[in-house]
Structure formats: C-alpha cells, structure tokens
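In what follows, a structure is listed as structure tokens, so that the remarks can point back to it.
When the chains are written out, they are named A, B, C and D in that same order, and each has its own residue count from 1.
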Amino acid sequence: MSSFFGQHLRLSLFGQSHGEGIGITMDGFPAGMTIDMDRLSAMMARRAPGQSAMTTPRREADLPEFLSGVMDGRTTGQPIAAVIRNTSQRSRDYGDGVDLARPGHADYTGHVRYFGFEDWRGGGHFSGRLTAPIVLAGALCMQWLERQGVRVECHVKQLGDIVDASLLDVPEETDLSYLKTMALPVLREGLDRDMEAAVLAARERQDSVGGVLECRAVGLPAGLGAPFFDSAESVLSHLLFAIPAVKGVEFGEGFAFASMPGSSANDPFRMDGERIVTETNHAGGLNGGITNGMPVVFRCVIRATPSIAREQRTVSLKSHENAEIAIRGRHDPCILPRAVPVVEAMTAIGLMELWKERAACVR
Amino acid sequence: MSSFFGQHLRLSLFGQSHGEGIGITMDGFPAGMTIDMDRLSAMMARRAPGQSAMTTPRREADLPEFLSGVMDGRTTGQPIAAVIRNTSQRSRDYGDGVDLARPGHADYTGHVRYFGFEDWRGGGHFSGRLTAPIVLAGALCMQWLERQGVRVECHVKQLGDIVDASLLDVPEETDLSYLKTMALPVLREGLDRDMEAAVLAARERQDSVGGVLECRAVGLPAGLGAPFFDSAESVLSHLLFAIPAVKGVEFGEGFAFASMPGSSANDPFRMDGERIVTETNHAGGLNGGITNGMPVVFRCVIRATPSIAREQRTVSLKSHENAEIAIRGRHDPCILPRAVPVVEAMTAIGLMELWKERAACVR
Amino acid sequence: MSSFFGQHLRLSLFGQSHGEGIGITMDGFPAGMTIDMDRLSAMMARRAPGQSAMTTPRREADLPEFLSGVMDGRTTGQPIAAVIRNTSQRSRDYGDGVDLARPGHADYTGHVRYFGFEDWRGGGHFSGRLTAPIVLAGALCMQWLERQGVRVECHVKQLGDIVDASLLDVPEETDLSYLKTMALPVLREGLDRDMEAAVLAARERQDSVGGVLECRAVGLPAGLGAPFFDSAESVLSHLLFAIPAVKGVEFGEGFAFASMPGSSANDPFRMDGERIVTETNHAGGLNGGITNGMPVVFRCVIRATPSIAREQRTVSLKSHENAEIAIRGRHDPCILPRAVPVVEAMTAIGLMELWKERAACVR
Amino acid sequence: MSSFFGQHLRLSLFGQSHGEGIGITMDGFPAGMTIDMDRLSAMMARRAPGQSAMTTPRREADLPEFLSGVMDGRTTGQPIAAVIRNTSQRSRDYGDGVDLARPGHADYTGHVRYFGFEDWRGGGHFSGRLTAPIVLAGALCMQWLERQGVRVECHVKQLGDIVDASLLDVPEETDLSYLKTMALPVLREGLDRDMEAAVLAARERQDSVGGVLECRAVGLPAGLGAPFFDSAESVLSHLLFAIPAVKGVEFGEGFAFASMPGSSANDPFRMDGERIVTETNHAGGLNGGITNGMPVVFRCVIRATPSIAREQRTVSLKSHENAEIAIRGRHDPCILPRAVPVVEAMTAIGLMELWKERAACVR
C-alpha cells in the first residue's frame, strides 16, 4: 500500500496524474481551527509549477476543494477530505499502456508492482503532482503548529556544486520568514542568482540538477518522540522518504558525525534562565529520538529530475528488448524550488503526529 | 510509544537495561521454518560486547529464551516471544533517580517524556542493550530471507576519517559472506587494522569515534515497496533511525546525488537475458519507492558513542543548576563493530515487512 | 478518530450530510478487476432512499465518481477514491449550531466530542448517509469475492415482532440471490407483506420499528481469521457496530448458546468426500476465530429509527434547560430494508481484510 | 495475526498453553501509577482455575513477573512486559501432532491456518489460558480507570436457563463491588446457589453449560468514542469477541431493541443539576458510538465449554477419515465464573484505548 500514514493523525493520499482528481483525507486534526485560506493558497502556490523561469511553464490552478471536515472556514474535528481536480492534463493521446520504461522513473517497478494494471499516464499515482495534496494537508498542520509557537523554515542548502550556509549556525531567534518569499530560498545573499544560473544552464544542456534542502523547526517543546521504533527521526524520515526524489535524510550534523569524535559531537547542557538548553546543537534537537527543545534541524538530498530530453538507453516493457527513449514535453530542470514547501509540509505533518502522540500520554 | 513496528510483520520491543529482562514479540512470522540456532547465536554474538579489544570488556551471555512461537525448533506461525535475562547488570547502588544529564544521551529528554518516572538505571529503556532482541528478531527474518535467495551484507564504510570502498562498486554476484567473520568488516584488505588502531587511539584519548555503515541486500525480486508513505526507503529508514546513534540514512548515491546531473544520475535499463537490469545502480535498487531487482544499497551514519570519560558540562535535573559530569565505567570507544549486525537485522525486518505486504496483493 | 479501518485493506471514510460531498478511499484493493458498474449501482440503489413506500421519499442520485484507482473500468491496484456529491440537501436555513439534542441521536455526544465545532447540519458526519460510500466500497469487495466463489446473502430475520426463518436452517447450496431483488428480503414467502404492513402502521402512529438482519457468507475457504484480537468475529463485529443503529451482533446460535449444553452446542466434524464439514453449524462457520469452511452466519439487531414525529423530552445544549422537541421532515419509519446492503457491504469488507491477511502468510 | 490490539494503547499477546510461558506487552500505559499488587493478584485469582467446585481442580500459580515497564512498583510510561511461566502443564507424553479434531475447538481451523506447524499441545496458542495475561493487562487499566472515578461491574446474567436481573435496572450509584467477591456473581440473592447446582448437574451428565455475562462501566465522561469505524461499540466488541467462547455482544437493550418502537427505544434527555442525563438508558450509555455519560452496559454470550467427556463424532486430520473422540482430563463444566474477570479486563482495556484516543484530541 502506499497512501496511508500515521497513528494519531491519519492521512490517506489518492489520485493519479491524469485521473479525475487527486486528494487527501486527514483524520484526527484538531477541531475549531479557523483556516487562513490565503496562507494555505500561498504555500500551495510555492509548490505549483510555472512560478519562475526555472520550473515547467505548465500551469495548474490547484485550488483545493474541501469536501469534508470544514464548516464556515473552521475545522470540525471530523475527517478532512480535500480534492484537487485534474483539468488540462487529461488527454486521449496515450497509447495502450506503458512501453519504454523511463530511466530513474517508476515505470518499470510500478509495472511489476501492479501487475501491468497501473495507470501509467503521466506517471499515474507515482506523479510528483501527488505532492500537491500533501502540501495542502501540511499547510493545515503548519497553521496549527504556528499557533503553538512553532516555526518551520527551509532553504536550499546545496544546488549542484553551489553550497549555502547551514541552519545549524543560525540562532534560533533569527526570523527566517523571508525564505518563504524567495523562488530559491537561501541564507547567503545573492546565492540564489548563482543557483538560478546553474539551473538555466542545465536546461540549456538538456539536463537537470539536484541538491540538498535543509529545514528546521523552532519552538518545539521538549518531550516529543520516543526511543526506537517511534523515534522522531523515524517518523520524520518515514515522511521525508515518501517524497519522490529524496534519497537521503540526515539530522543535526548528519553524515559529518562520521569524522567527529565523541568529545566534539556531544552537546553540553546548560541552564538558560529556567530553560535547559544545549550550547551546541550537533544533534539537531533530538536526543534518544525525543525533542530536547532546541531547533530540530535536518537535511534531505533531492536527486536531479530524471526526466531529461537527452536520449537514454532503456528497455521495452512490451517486447522485452533494448531500446532508446527521449522524454518529450516540458519538465522542471530542477525540482528543488518546488520541493521546499513539500519538505515543510511533511515536517509539519510529522510534528503534528508526534504532538498528538504526546498528548495521549495521560497521567 | 516506542516499541511497536510494522503492519504485516509486527514487533513489540520491551525491556530496560537493569530490569528483569529484555525481549521482543513478533507476530506474522511464517510458519514451519526450522531455526538454525547456531547461526542465530552467531549473529547475536557479533552484537554482544566483549568481542574484541575495541569494545567494552563487559560480557553478556545474551542467550535468548523462546517463550512462544517455536516448537521442536520450528516456527509455528503464531506469535514469537523471546526474552533475554538481565543478569550481572542489576545493581542496588543507584541513587534515587537521575540527576546529572549525560550530554548526547536521553537522560534529559526521557525525563521530560516520562514525567520523571522513567527507569534511569543504566539507560533504562533507552539502552543500546535493547538492540539485542532486535538482532534476535532480525536473525529470524534473515534466515527466512536467505531461503528465498536474499543475502544481506554490511561493512564499515567509514570510521573517523578512514574510508573503505563502496558496495555500489561490487558486482552483485560477489560473495561477501567473509564480512560476517571480521571484527571490523571492510572491503579493502588490511583497512580494518587501520580502523582498529584509530579506535584504540580514541580510547587512549578518553574519546570515541563514529563512522558510516554500508549495507546491501542482493537477490530481492522487483516489486517490493510502494510509492509515497510506504516506500521501501520510508520503511527501511524508519527502522534504521530506530537504532540509537544513527543520525543519517542514504540510499544509492545518497547525498552525492546533490552534485550529479540527471544525465549521470539515471540508471539506464537493459535486458540481461530474460531479466531487466540497470547498467549502473545509482538509485540503490529502488525506483519510485519500489525494488527494481538490483541490489538495495544504503548507508547510515553512526555518531561517536556519547559516553566518554572526559569531563563535560551539563545540568542537574534535580536542582536545575549547571554542573560537570565525568562518565565512569567501561564503554565502547566505537560502537560500529557491534552496530553492523543491528543494521543487518533492521534491514531483514524491513524487507520481510515489504515481502509480506507484497504477498497480500492478491489478484 | 472515526474514519479509518483495516490493516491489509485500508479504508478512510469522510463527509458530512450537508457538506460538499461524501466519499471513501480504499487502499490495498486488488489490481486488474473489471468493475461491473451496473451491479455496483444496483447494490447502491438498494441502500438509497425512496425505493418503496416504507422509506423516506427523499431521493438521492448517489452516483459515485471514481477519482482514483480505476482506469478503463478496471482497478489499478492503487488507492481507490470515490466521491458522492451532495446536491439537494444543502441548505442555508440552518441556525447557528445545534440546540435541542434529538434523543437517540449523536447531537449531544458529538457536541461534547468535537468541542462544539462539529457540523451539526442534518446529522453532519454522523448521518446515515455516510453509509453510501461504505456500500460503494463493499460492492467492490463483493465483486472480487464473488469471483473467488463467495456469496453473501442477507435477509430481514425479524421486524418488530414478526420473525422469519433462519439461515442456519438453509442448506449452503441453496441459491438465495432472489433476496437481493426484494424490498424486504425474507425467506418465508409472503412474510414481507406482513412486515411492510407493520412498517406502514408504525408510520401511521408517528413511530418507527426495528428488527434483526441475518447474513451468511458461503464458499469461504477454511483458515481465514486468527485467535484473539484478530478473530474473524472481532473483525466483522468491529465493522458491523460501525453501522449506525446496530446495537448487537451474534454469530451462529449467538445468544441462544446461553441455554445450549455443550453436548448440543458442538458441531461434529465429518468427511464429505475430500472436504471436512460439520454436521451442524451452530458455531456459524467459525472455530477459534477462524473460518472452518462452513457458511459464516451472523445476525445484527437494528434499533428503530430515533427520528420520530412525536414530541419528545430533551435539553437545550445552548441554555442547558429542559425542553421538548418534535422532529420535522420525512424520515424512514424503518431503516431495515436500506440497512441490508450496508450489512452485506461491511461483511464483504471484513472478509476481504481477512483474505488479504491470510494471503500475507507466506511460507 | 492474532496478538495485537490498539492504536493508542498497544497490546501484544503471546504464548502457548504448553510452551515456556505466556505473557503480554502493553505500550502507552500512563507513567507514574503505583500498582496495587494485591488487587492485581485478586483479579487474576478470580480467573485462575481451582477456585471452586465448579471449575477444574487443576491449579495454577499464575504469578506474573514484570520484565519491563515497572520500577519500584510504579509504572514508568515505557513498554510493560509481563510473563507468566508455564509450570506443571509441560508434558512429554504428547504424540506427533494433532490427529482427532475436537468439535467446537480450533484444532481443525488452526491446523489449516498454520499449515500444520501450530503448537497443538493443550490448545497451544488457542488455549483459554492465554486470557491470564489479558486479565493482567486489564487489571492495570482498571486500576488507572478507578483513579479517574470509573467502576466496572460484571455479573452472570444468565446460566443455562437461570436468568438474573439486569444492570439496566440498577441505579448507577449502587455499589456493586460485592460482585467481585462472589464465585458466581449475581444480583438476585441466592440465585448463585441455583446456578451452582446447574453447573454441578451438568458435570454429572458429562456435559457443560453456557450463559450470558452482563457488564457496566459507571463514571465515564461523555465524549469517548467516535462514529463509524472507531465507535465505542466497535472497539469494545472487537475486544470482547477476542475472548474464546464469546459468540454474541449487545449494548443497552441489545437484541430486545428488535421489538421496541422508536418511541420506547429513545432515551429522553434531561438536566440533572449541571449534568445532562437520560431518563432511561436503553442505549447503554452510547449515542452515535460515543459515551453520553450514562453507564455503558453490555452483555456477551458465552457458549458452553466444548470440552466434554462424552463421545463425539469427528474426523482424523491425519487420515481424513471419520472417527470418534472422548476428551479426557478435567475441564470446567462452566467457564462463566472464570470469564467474568476476563470480560472486566477487556472492558478496561477498551475504555483506556478510548480514553487515550480522546486525550490526543488537542485543541
């Protein structure tokens, strides 16, 4: 199965790129929250295509329709269901099933997984378009978390070979809300122009580029998460690896821990008034799978879009012979700008799950 | 909660370092498998302390007792329960609760999470000792997988600054079973001696070292996993991040994808007789969250053991004042050798869950 | 939470009586099944209002729209999502929230449960209308089960004081498909006329009537289900008690077992050719929570519709004072005819879940 | 699978009648509760055999050992694991697998379910002995619920043809704690003597008797449960049908609702000081699947013990031929007295799950 997540907040994702519509249901969301529709739309717009020269010019309206769980603009506490209609993408010019498997795509594995009955049109259920309802659900969680004083901030840590500064070095009180207004959100001023140039150059070469997104959540209470199978890292990575193209996730210093001795890797505790803080935050706000009240910081790597115009070798799933394929159509040479709100959304969903799990710990 | 995993194969982990015993239950395991107890013990022995000069000289018998699910040495298909008694570690010389929070440990976060009622003795439920029953469960899964022709192989990819070759460059047919006989399993001959020297040097400095483990599963059929929330990456990373000290997980090229253009990152398909293979395996055997039949390859970073003898700054959880702590006792200066079978076990558990999910896909 | 069911077949139900639409998602449904839309519509039509003089004259189109999981009339194996639009029921003439709690309804308990933020219009998420998408999902499961040779048959065992014969006395090979063509399906010829008269008399008295539905599933293999928490009885009763108005569920002889000694209650086994059968079927096809290959037979009691025109005593949820209420509008004086396909649907969903759980038992 | 229950409180049951031990794990239990071991033992003793002339004279110590989750007699909030050792029952005189299927038992269905690899000795994992750890877990939940002001009270409503009064007619403030001191707890004075005589007479006839247990939970807040798939009825019946021998469950008036018109079936609301109550409690404290603050009342039927000394017809699972069987050994002629604490335990577990689900509904 593919579409379910969560124990305390429960999501069910559905849809195919070229079906009638895509959407999500979410049960367990708090009652009584007035939805800020403008901010919800703004977050979804950051994921939508056609926002800049870097992304595919294909435009989607992507206006969600709430079928359930909302009344008079306020959540009811009952299951939320939202649908985004597929409009322009429906076409009749598809043949009779997938033939040439696109390298780096799920054409082949989906074909095996679903016995050849999968909807192959435009990526079907595997399409990155399915991240739209994920952002929708995440935007609701984000609005709830913000009312509890939590901020989630995300930037492009690396694009190809261009590397930005790290959130591990940014004081937690620094307001990074400007990141949400940038096409390519970065910490180092001007670096977004270099990155944009790299993206446009890749497109020129009929190629694509990948990179790393870095994200932090500030304002969390200590005590969310648990050791072992429900560690905060387990819950968050489960969600982050559900994003197509994510191939790695690391918390705090992540893979840099490999060459850090214990004496440097530990974060000493100290009192900050009444609050217990750590002097450094190598651990990314997590000890033993549980938040310690410091910013939760992590990174995930996004592989370069597999859809490239160059000719590639592949096989025919029908004839089982070697073949060549060139992928037509307009595709994002770099998915990172649009992946930023998806990472934010997954983070918000995961934190909400952890928050509710914690709330169920009655005494 | 902390102790549950899985939908199709269900695990429940329990125990505290200094309680009566630790153990695990596992429901959904196939009926009729004769357990090879020697191989099970051998896998558990690799995780046990005291195996070499590099690890803590504390010895554990760690002989598991099967309370349920096994009859005449064969699995019954009913819930398996196994317990490992705690013996020597029980002590009465603990004070009345945790006071000084050890940096890098879960003393503080566990204290908040469990309202001060947690078992703090020797790490309690957070103890790395809880990985013993995980290896036990994983060893059973491994034996079942091996009968299906699956091999799981793991080595120390990096220790401090010493870097081994990559499994991405080893042909899938190469037999790496010798790795399971090495105290520090590596691909490059002699590199284990350098690594051991680095570990001993760290201990000399009253410090500890971390590193990276790399693992692959060979012989998997195509079609395990699903897109989005139950991607194979999601399931495996969920389990891997449940291992204490793991702070990053990456599949295939992982974070190296950041600087790989799409034209290099894609793995071209080709026919190999009747089988569809990829020429390269940058994706680590996974497209769209589903196995493609190539080796599943991933790495996880293990931070250096936080228990070091040097004095560290911290706070008192009782008085809420700054303090200093020096951690007594014998601790592993490097946990990587013992973490190898834990990573193998988690991999086997995750693959078994994916295998059963796939089997439930009736037609 | 309210909307989720299942481990191997996963459902998520959503919608409110007067919201935009109601629907369901279902993940884990087999790939490649061609949907018989006529039979699906026929099953849904049996649940729809306005079918006979006995039910509310309000009519619903209730044509489901498949948003996902179906392509060219065939299931894809990916998440199914279906929506039924709410049309005529939307109204603006509701006041500002629920005031007088209708006795026997969820007005009061829903008000507490959702902190006063619930959608109270027309029953909101509690409305019996939510059973429409349940029938939709169940109809798909039913079509799949039928292809495996399973038949599900249901009749009105009792209506008020009028009692029909029992399925426990009907040979399993007897074809009861005619039941699905009757407004009030009964085994004893002509009894439906008596029942209809009782319903119309109740309406005349501004009252309503309840009764008992009896259902059987024929053609199941032995071996579905498990002891204890996942007994077939547990799974089926979980679903049956999810139907509004069901207040009791019994299998085989059910409550009649109370006065049956063990010597009469046991079902002797015997060989029937190669097949193991039982001579009687008091147990309703289930031993130790597992199907034994005999028909699974159960009954559930449906309380009389709480919506009656007579004046009833209640309280105001706003002023917390005693009050009187008379429920206007047209309501079913007897819900049993429309409940029949709902019970069939829940049965099919439960059997499918058990079937898939069984299929995951790899060897 | 068979051994798992719950989303917010998670149980894993394991063991076989003649294996090393039986037990249960429970995760999510509140931290900081001091366990009253005497009362826990008392509840378990009521389930143990050998308590009276009515039950099997076989005696079990059944002293549970807490392996995890308890420190200094107090719950830690971490996974609880408890084991009960099997002692006297282990025997070597079993043959090589089950042959004659005992009617009414799970010998045949278990044989199919587990491919012939099941532990058949003494009922194996199907044994009623597995209810001992269930009572253990339930006793902990009960103690927690009692601290919240909840009382759970259960009696023998019917035994064979002897019928007791109903809890629906007992005022909620009436203290029924004396029921827990009776071998056959009944409301009508002296009725237990008649029941005991009926049990002894059945034993004399080499037969067994069944009956009905009735249970209520008093002191619950309104608002526990949810409509549809997580209705309180669904959760409770799921657990009750997990008790071997339970073949029917009904809430409030239950099957008597069949002949009650809506005008009698509805419970009018009224104010009782500040509290909203219902004048009658036909619904058994549940509207729309949610508690309304009135006592939750239900009944479950317990079929007569299938183990009887008389000769019965059956088949050989080895030769697939008809055969006869006479079940040797000492068996309970009536399981009802011992089933009372099991029903109480399941009720407490279910209410705790609902309570925690409710607590997770953050605002």
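For this structure, a couple of remarks:
Just so we're on the same page, contacts are C-beta pairs under 8 Å (C-beta built on N, C-alpha and C of every residue); 3 or more make two chains touch, one makes a residue touch a chain.
Keep in mind that what you see is a predicted model, and the values were worked out from it rather than measured.
Common neighbours of chain A and chain C (chains touching each): B, D. Counting C-beta pairs in contact, the pair that comes out ahead of the other among B-C and B-D is B-D.
Look at the CA centroids: the one farthest from the centroid of chain D belongs to A. Work out the mean CA point of chain B and of chain C, and you get 46 Å between them.
For the pair chain C and chain D, the distance between C-alpha centroids works out to 26 Å. Once the centre of each chain is set as its mean CA position, chain B and chain D turn out to be 39 Å apart.
Multi-chain contact residues, meaning those touching two or more other chains, occur in chain B at positions 1-4, 13, 28, 31-32, 77, 113, 115, 125, 357, 361, 363.
Those residues of chain A that touch chain C in the complex are listed here as 1-4, 10, 12-16, 19-23, 25, 27-28, 31-32, 65-69, 71, 74-81, 83, 113-119, 121, 124-125. Those residues of chain A lying in contact with chain D across their complex are 7-8, 28, 30-32, 77, 355-357, 359-363. On the chain D side of its complex with chain C, the touching residues are 1-5, 11, 13, 101, 103-106, 108-110, 112-113, 115, 125-126, 130, 158-161, 202, 205-212, 222-223, 225-231, 233-235, 237-239, 241-242, 244, 246-255, 257-263, 265-271, 274, 276, 278-279, 283-284, 286-292, 301-308, 310, 312-315, 320-322, 357-358, 363.
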